[in-house]
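Pasting the structures here.
The same chain A turns up in both complexes below, where it pairs with chain B and then with chain C.
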Partner chain A sequence: MAHVEPLTRAGTTHDLTGRVGRIGSGSAMLVLGILALAGLIGLILKVMSGPVPLNKWGYTAAALAFLLSTGQGMPVVAFATRLAKGYWALPLRRAAELGAVTGLVTTPLFIVLLFQLPDFFGRPSIWFDWPGGPVLWDSVAMILLTFTGLAMLFVSSRPDRALSTQQASDWPGTGRQWDVLTAGLVVLGAFYLMMLVFVHMYVVSDLGMSLVLGWRSAIIPPYHAVSGLQAGLATTLLVCGALRRFGGLRRYFGLDVFWGASKLLLGLSLLFFYFTWSELLTNWYGRTADEQFLLDLFMFGPYTALFISSVLLNFALPLALLIWNPIRVSVRGPIFVAGLILLGNLIDRLRIFVASWSVAGPLGPHRTFAPPAQYPDALDLLVFVGAVSAVTFLYLLALRFVPPIAIWEFKTGLLLTAERPYLKTEVAVVAKPQ
Partner chain B sequence: MAISGAQAILGLFQEPEQVAQALDALRAAGFASRDLKTLTDSPYPEGAFGEEPEKHRLFVFPFIGAACGIALGLLITIGTQLAYPIVTGGKPLLSIPPMINVMYEGTMLGAIMFTVAGIIFESRLPYLTGTPYDPRISEGYLGVLVTRASGRLPEAERALRDAGAVDIVTK
Partner chain C sequence: MKEWRELSSSKINDDLLKFPLHTPMWFWYALAGLGLVVGAGFLAFAIMIGGGLQFLGYNNQTMWAVLITNFVFWIGISHAGVMISAILRLTQAEWRRPVTRASEILTVFSLATAMLMPIIHSGRPWRTLYWEFPFDFSRGIFMDIRSALVWDPSAIFTYLLSSVMFVYVALVPDLAVARDRSSGIARYLYAILAMGFQGTKRQWRLQAIAGILLSALILPVFVSVHSIVSWDFAMALVPGWHSTVFPPYFVIGAVHSGVSAVATLMAILRWIFHLDDYLTDDHFDALGRLLVVVSTTWLYFFGMDFYYGLFARDEMELGIWSLRLFTPPYNTLFPIFLLAGYLIPVPLWLIRGVRRNVKAMFFTSLLVNVGMWIERYMLIVPPLSNKQAFPFDWVTVYQPQPIEWVLVVFTFGVVSTGILVFAKLFPIIPLFDIKEGQNLRRVIQVGRRTVPGVVRE
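Coming up: the complex of A and B.
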């Protein structure tokens, strides 16, 4: 095996600054750009054909919820590990923060969807006919979430961007600046999380629950937010796996990153079951006509396959796999499970939003039977693929301006970590400043 | 290197221990702690060089922003409803649940905007003090910056060199 030099501070700076703009081939970005453009055309065609029938927006709403859960859930991983001083996560924080670019796609998509909603006057919702609700207030919340995510990315990458200019005015690195930067990122991260769960509530309430007459649940908004955090962590792991494999960053994304994240992933998978089970039990034992209809629509009717797949991919399989040390304490195991969860989240969002929009309409008598399963048409697929491609394109574009790993943060890790002999082995000693 | 007339002087070091020694020597020479700054390429644990912690007021910004935001939220929700009261269907004039949504957004808007402004302000960005800088700091060297050193530059340079400075930069 070839000898690998240990990472040094100077070597890290040189290596990572040299990688800026080299990740993601031009041809891949071209393809993604074309797909994104096609998706935009698909969305325009949908809008031009008018809001009705409302069921044509189900897949677009699912795309929005999926991107909100995955891409916009990623920056929370950076915040949580900073708050908890999780040094194992130093390499993945930038990859997580870059997920904030998703907001540049979800924000306009959300606003477009809000304008397709049926009249909310008199409709059971969180707005009680309040002026501006839901279009104005939902839009403001999503814009604020996107702004906060991008601000986190901007602040966090400031020292690294200054490396390329080497101008004192960009970032001289005084003690005060480092203090403000580290404290500021935690504060902004906290606000990001507060906005994210709030936007999750808006999305699932206004684009889901309010469209299904009789759907009253205090479980679904937190369910949507927690499963979104699970998907955000899974997406971060997949991106780290891709950066490790295709970005030449194998030395930086070591076992610790995936092992540490897999424990969180296991915990979040258990939470997925808690919320799903709570929702099921509430409707099962309630057994009112509305609740029987909800069980039929979302769990045991036309979308049974999606419900079972969602539970399998988001809970059962991750649990069955991650309880085993050889899988959890590995690089490929957590990445594989993250892939399952990402697929599970997609299926879950399709289940919730396609089903909700399939019964959307003006106020009237409550339904008792779910309509047949609705399959996507060409425009649905175009918009979905286009939205995901647009996010991937923006992510790769951002990597042309900022290093894939927060250099200053990674170097702090090097500063505080040392290999020390312990009896007959060597252990890593990590200093944790108070 | 000629240093007469300069207001600030920067010593470059390769080892953190040397920085700690330089700061001790400068303080012993009578330089005030507030005029001594360390420049590094990544955050070091607070007090690692024996420097006094620099106070910042970042945490005040979100509170001020949140207060402004919640006031705006109250104005939009309660203020407008009370200013133009229209009772609909005998329902209460103030509808608490949606008001909380709007006030939450207002609070967060203020807090977030003020935090971003606070980070920029408290980081003193853009850094236009005109003090000396060396690009080698971004490559891992450590800098000790002595500001307001006019008239005492030779003394400062001696302390920096004695501590092991590999180079001295003035402006």
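Coming up: the complex of A and C.
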């Protein structure tokens, strides 16, 4: 085994600034750019064919919800671990914050989808016929979310950019600047979390619940948000795994990162089950005509396979794997589980949005039977692949300008941890200043 | 933690065993006062057994009210123990150490008190046995296992048993210290309870493993208990109750209420037992921060319940919210609960000086539980009081009667008596946990500053 030098502050700065612009090959970015362009063409073709029949938008809505849950859920991981002073998460915070670039894809996609919605006047919705709802206010919320995410990334990367460009004249790092930076990150993070929760509510309510007459489940917005945070953490872990494997950052993404994240992932998987169970059991016992229809549409009818797969991938398998120490306390175990959750989230979003748009239409009598399952066509696949490629492309592009790890935070971590003698051994001591 | 105090092992023993091993006079006065309150409650109960439920304000529609509110409220408070103990232990939050025992004890006595309420509410307590246990196999008579009357006791008993085990496992090392420092019958009793604990390596190892295992195992029980209580309401087709969000909404409300109750209890303990060295301003600061997160999450779930109640524009749901918001007396209670439960305390907790002020934390956390009691009342009573389809269901507004208020005060008396007696018999702050915390403390020099740190377990 090659000898590995312990990480020092100076060595870290030199190593990480040297990596700016070196992650992600040009050819991969070219392929991703072409796929993103193809997706855009697919979306334009869809829009040009008109909004009806409404059921053709189900897969696009699912793609939007999937990206909102995964990419835009990532910055919350950075904020939450910063707030809880979780030192294990220091290396993954930048990777998480970079997820904010997803907003550049989801915002236009959301606006396009909002214009395909049927007339909302008199329809059960969170807007109660309020002027501007849903199109204007949903768009404003999504734009604010995207803007806040990018602002968080901008503020957090400010010291690192000053380091990597060797031009510290505009950001010399005075005490006041550091105070503003740390306080600003907390405020921006809190606002981002609040906006994310709101946007989850708008997306699932306006692109899902309002389209299905009789569906008024109050747990669905928190369910969508919690499963979104679960997927956001899973995506962050996968990105960290990729950076560790292909970005040459093995020294930084140690066992602690994956072990710490795996505990959170386990907790969020349990919450996924809890929320699903609460929805299922209340409808099961209620058994009103509307509830029987909802059970048929979302769980035990044409999309049974999706429902079962979603529960397996988001809850059963993560639980069965992560309760074992050898899997949880490893690098590959949490990454594998994160992969399962990502797939599970996609399936769950397909279940919710494809089913919802399949019964969308003008206001009328409540339905009693679910229509048959709907499969994607070529344009649906093109839009989905294009949207995911566009996000990946933007992520890699952002990595050309900022270091993959927040150098200043990582160095703070080095300052505040030390080895100290304890009885006959040495132990790690972690300092937690106010 | 900013406020670090070096405490020797002997000082910790002296301070924390002072009350269990020496009885001050005020203890007897306090016990007598609380005994009067509990006695009044039992008298009220006896009157109801003799005369039936006519002494309560029930009418043909509103038949769940103050007693069920008490039940839900105390189940909520009982969530303090696990939240503080199990979750903070698993996440290795250092500040948990002096707070765990008292919150676990709060759990045990709150649960026991909560269980009394449905029994009293039944009017004929002895008949509850038929609802819980199979009593005549030969004729195939069996209790209805789909009924909340079976779910609730099963969940609550499981939680109560696991909470008692949780307390006991953490208490064993302290019992051994009490044994070694007492004499006479007290020594004999502590020796039995300490089960031969001598502090060997193997015993410590087993104790630590048992603590961690119980922490992990009790978490699903903790969530299930209040979820099951919420399903007592959500499974009914009563508009205003039949909501999918009730389980998490009840659980987070319980945590909000429970953690606030812990803050109140900590302040009282600090004042009564002069525990300034153990329950420092840092601990109140940490509790305040936790409460900001918990209460905001609770507000979010309340918002979901409110918003999606209106969402479908269903006439009955709109009627219930109209009752809560615009009709007396609920239109007075509604702003009180919102102000007391969130709008006054949470903005104050955002100020560091308030979080570090014990008096301020005492009053704000007390305010939260006033608000949360009213919240439970508002959840339960208005949906039953709403005007129904048939005129014979149009009833006068439910009015709680004096005997119901006596039973409300009785519940506080029972819990307070339980905690006081426990504190008299056993150390209310875990000795071994405090000593362990002292052992794990280190400092790190960062430039010219010395920063407090802790050994990573």
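Here is the rule we go by: the second predicted complex is superposed on the first by the 427 of 434 C-alpha atoms of A that agree within 3 Å, B and C clash if a C-alpha of one lies under 4 Å from a C-alpha of the other, contacts with A are read in each partner's own complex, and residues count from 1 in each chain.
Everything that follows uses one rule, which is that a residue touches a chain if its C-beta (ideal position, glycine included) is under 8 Å from a C-beta of that chain, and two chains touch if they have at least 3 such contacts.
Model, not experiment: these values are computed from the prediction.
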- Message: For A:Ile34 in the superposed arrangement: first (chain B), second (chain C), both or neither?
- Response: neither
- Using the touch definition from the top, say if A:Ala305 reaches chain B (first), chain C (second), both or neither. neither
Going by the contact rule set out at the top, does A:Val427 touch chain B (first), chain C (second), both, or neither? second
* To do: Applying the touch criterion given at the start, work out whether A:Thr288 contacts chain B, chain C, both or neither, answering first, second, both or neither.
  => second
Practice problem: Scan A:Val155 for contacts with chain B and chain C and give back first, second, both or neither. | Solution: first
Touched partner set for A:Leu45, first chain B, second chain C, both or neither: neither
- [ ] Classify the contacts of A:Trp137 with the two partner chains as first (chain B alone), second (chain C alone), both, or neither.
- [x] first
- Please indicate which partner A:Glu279 is in contact with in the superposed arrangement: first for chain B, second for chain C, both, or neither. second
Would you sort A:Phe128 into first (chain B), second (chain C), both or neither based on which partner it touches? both
Per residue count on chain A, the busier partner among chain B and chain C is B
Chain A positions within both the chain B interface and the chain C interface are 126, 128, 415-416, 431, 433
Per the touch rule above, chain A residues touching chain B in the complex are 9-10, 13-14, 126-130, 132-133, 137, 140-141, 144, 147-148, 151, 155, 158-159, 162-163, 166-184, 187-188, 191, 194-195, 198, 407-409, 411-412, 415-416, 431, 433
Given the complex, residues on chain C that touch chain A span 1-2, 220, 223, 227, 231, 234-235, 237, 242-248, 300-301, 304-305, 307-314, 442-444, 446, 451-456
Seen from chain B, its contact residues with chain A in the complex are 37-46, 51, 53-54, 56, 58-59, 62, 88, 95, 97-99, 101-102, 104-105, 108-109, 111-112, 115-116, 118-119, 122-128, 131, 133, 135, 137-140, 145
Note: in the complex, chain A contacts chain C through residues 124-126, 128, 197, 209, 214, 216-222, 270, 274-275, 278-279, 281-283, 285-286, 288, 415-418, 420, 422, 427-434
